[in-house]
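For reference, the structure is listed below as structure tokens.
Labels A, B and C are assigned to the chains in the order they are written; within every chain, residues are numbered from 1.
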Amino acid sequence: MNASIKFYQTGTFTVGNRLLSPEQRSVQASLERSNAINSGHRACQGCGEALGARYAVDAAMRAVNGQLIAANATGCLEVFSTPYPETSWQLPWIHSLFGNAAAVGTGIAAALKVKGRQDVRVIAQGGDGGTTDIGFGCLSGMFERNDDVLYLCYDNEAYMNTGVQRSSATPHAARTNTTMPVGPEPGAPFGQGKKLPLIAMAHEIPYVATATVADLHDLENKVERAMSMHGARYLHVLVPCPLGWGADSADTIKLARLARETGIFPVLEAERGEVTAVSKIRRRIPVEEYLRLQKRFAHLFGKPGHPEMVAAIQAEADRNICRFKLLDKTEAV
Amino acid sequence: MVTAAELLSVAAFEQGRYAQAFPSFGSERTGAPVVAFCRIDERDIRLREPIVEPDVLIVQDPTLLHQVDVFQGLKRDGYVLINSRRSFDDLGVGEVVQRFRHERLLTVPATEIALKHLGRPMPNAVMLGGFAALTGLITLEAVAHAIRDKFAGKVAKANVAAATEAYDSVRRAMQETAHA
Amino acid sequence: MRKQIEGSRAVAEAVALARPEVICAYPISPQTHIVEGLGELVKSGKIAPCEFVNVESEFAAMSVAIGASAAGARAYTATASQGLLFMAEAVYNASGLGLPIVMTLANRAIGAPINIWNDHSDSMSQRDCGWIQLFAAHNQEALDLHIQAFKLAEELSMPVMVCMDGFILTHAVEGIDMPTQDEVDAFLPPYEPRQVLDPAEPVSIGAMVGPEAFMEVRYLAHAKQTVALERIPEIAAEFCDRFGRNTGGLVRSYHCDDAETIVVALGSVIGTLRETVEELRRDGMKIGVLGISSFRPFPLAAVREVLQGAKRVVVLEKSFSVGLGGVVSTDVRLALEGAPVRGYTVVAGLGGRAITRASLASTLRDAVDEKLEPLTFMDLDWRIVNRQLEREAASRRSGPIAENLLRDVGSVASKVS
């Protein structure tokens, strides 16, 4: 198939597997997929994390012929996948603590190295709280030592497992149960928050990428690319949470796509600290379209509303677009 | 200092004795004043208290003489060896040490001897050469053995030479004291 | 072979003989010489194959050990004091998951005020964490216990903490019998995990357990420690057969058979106590020492057997439960339930305060003369305590306590003893 052909389906932006050659098709489209997170788990309807994790882990499983071990931080993914006495995990899996998934991954990788099992690879995974907040020390240590672990952060922008509290990945102005919209400056304050992919890049590790559940094929490709490398790798996946975002369960994919198309969530790849590729915005959309679908931003649009905050969020998106060159040259910023 | 106590214990060990060396457990900064202890016995040592009544006192840094009462607890018939070229009187402690047996009080210029042989002011092993001569509790051979155990090659050789010079120097001084 | 070496070095070499596969190192005084020694042994190829991981915190040290152990490797780390507290969450996790990690604890006080010297507050803070806690009385025992610890841990699939007094043992240079590799290999078989992360046979470790089964999981941990009460003396006996040294075990009594007064203690102070007891016996006092080698599991029956014939028991503790008193005492009294034995708690040696024969002898004479308070702080400087109490009574803003006391003592770092 000629790679220069641009696939573009109006309405869904997705490329059907049937249009691709078999080796390019999605891992999930294959009967051989590992179903690493099997059915029967207890995730909510429309859970972005369950979807993202399923695609990511299955892609990793395929990339290493099923020779994979996973370390998991405490959080939704851990809780919904292992309701006693059941487990969804079809690969060797360990949950230790909230803040140590990266370090547990390091330990597993060290053990495999000593045992001469270089064929078996390691992923560590957690939500944004377990990654950007409580697990940050261990994660940075794992990066700095360049341990052979792929760390997957499923970012739903707050502590959802404990009932929606602010994390350092919560976007500005968003309502959470610890940043309630009361007073003159409602929601999570501006000027705070942590851009973990950029911090990961500052460690100059072999590979850093971001992805969303709107483009699952892109997510799979990035996992595959990550698993083709050794050393510390980081993949940050935006996974909308219908419960925590106050969004329709049916809008998970749409919201993830809007996050990218507004410039709010830049989708990129970086190697050794340098950006090597970005996913271009195909049709630029104002942030308002993204924000209005989520009750966590409802206070921005009520009466009297906070148009200045919407403008500030728009400015952040514009800055991302400029900084990461998210638009084709043909489109004006 | 800590090294000196350790070396001393190794030397005693080489001579078939039981020995226990331990520091006064301060902060691990270089240059902080430290005390290290060594017990030597013919039987297994079970005691873990700091030595409060020493038989022998080795002072590596004479500038401490006026900061802490280093002679506190020293037995009346104890030995004192101070790292200095100067005499006890010149160091300003002549009066304090009058209660001890004068033939057991000596100074040895260990830092100078160390500089001469090692090129560095490391008086640990040197003082032990002096200790062996002053007390007769360990032999110079055992000190040399301990040094070779701890250091290798040129450093070991230079330390042994320095310890030997200190040994000879103290022996000479003892003879002078005896004849005085 | 007999060697004159530092306690930390002896432990490093003992751990090396146990063929650890993953070692996690994070420095904290007074444990540093152990991990430094191990780093050197790994680098020089004397421990191979082995991964030496320089982690960024104690929390990571224990977490890396958890991952390594779950993946089937023999894992080791060492810490002390604040480090143990910083890793506390992972300490509980390791035992909860049943991972046979071995850790050296170079016992040190816990701040504030910050203090790097020895006491047992760190061990006692993790009393209930589900680890086996063994205490070494001297460096030979510290070395031997490490070799025994790997065997015990792996047999039971349960982590073991070997506690040795910081500085007093870790930094003491003394004569040590060092076993050979062949001897240790014959005693300690390769690690065969009960549970392992293996793609050929996938398992989920650390799944969430709700009210339906949590109590049962916890009970099983207790049951395993009960088994450890049997295995610890058996392993010590086997060790003695092979190595000719009677170290480890549950308790160790000294002159207790005819003793009217028995002092109970843990760790290196036992040696000083034995010397003190010899001295007091020369004066006709019927006194003995009971050393507790296994603090967790606590050997209630063994302790009772030794103590029940005595008139009085003095528990000498290097830690205490603020607002209550003795920690070990509480356990000892449970062992003595119903027995007509008077109990005393003597808190001593906190934050590195030297425990001297003279003070011990006078305290124990007081006990025999029935003059000892039930809870005594040995060698407490009442002058500076009272001065601070007066200051606090006189002024609301009396200032930081530690600073005030230091000013009163006129303390400098160079204080000799």
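Keep in mind that, in the parts below, a residue touches a chain if its C-beta (ideal position, glycine included) is under 8 Å from a C-beta of that chain, and two chains touch if they have at least 3 such contacts.
These numbers were taken from a predicted model, which means no experiment stands behind them.
Chains making contact with chain B as well as with chain C: none in this assembly.
The greatest centre-to-centre gap from chain A, using C-alpha centroids, is found for B.
Centrality annotation: C (chain centre taken as mean Cα position, compared with the mean over all protein Cα atoms).
Of all chain pairs, the one linked by the largest number of contacting C-beta pairs is A-C.
The geometric centre of chain B is 34 Å away from that of chain C, both derived from CA atoms. A separation of 44 Å divides the Cα centre of chain A from that of chain C. Centres computed as Cα averages put chain A at a distance of 66 Å from chain B. Those residues of chain A lying in contact with chain C across their complex are 66-69, 71-72, 78-79, 82-85, 87, 89-97, 99-100, 103-116, 120, 137-138, 140-141, 144-145. Only residues 4, 6, 29-30, 32, 116-118, 138, 165-168, 171-175, 268-269, 271-272, 274-275, 352, 354-357, 413-417 of chain C touch chain B when the two sit together in their complex. Contact residues of chain B toward chain C in the complex are 2, 5-6, 9-10, 13-14, 18-28, 32-33, 35, 45-50, 52, 64, 67-70, 72. Chain C makes touch with chain A in their complex at residues 21-22, 24, 49-51, 53-57, 59-60, 63-73, 75, 89-90, 93, 97, 196-199, 201-210, 212-213.
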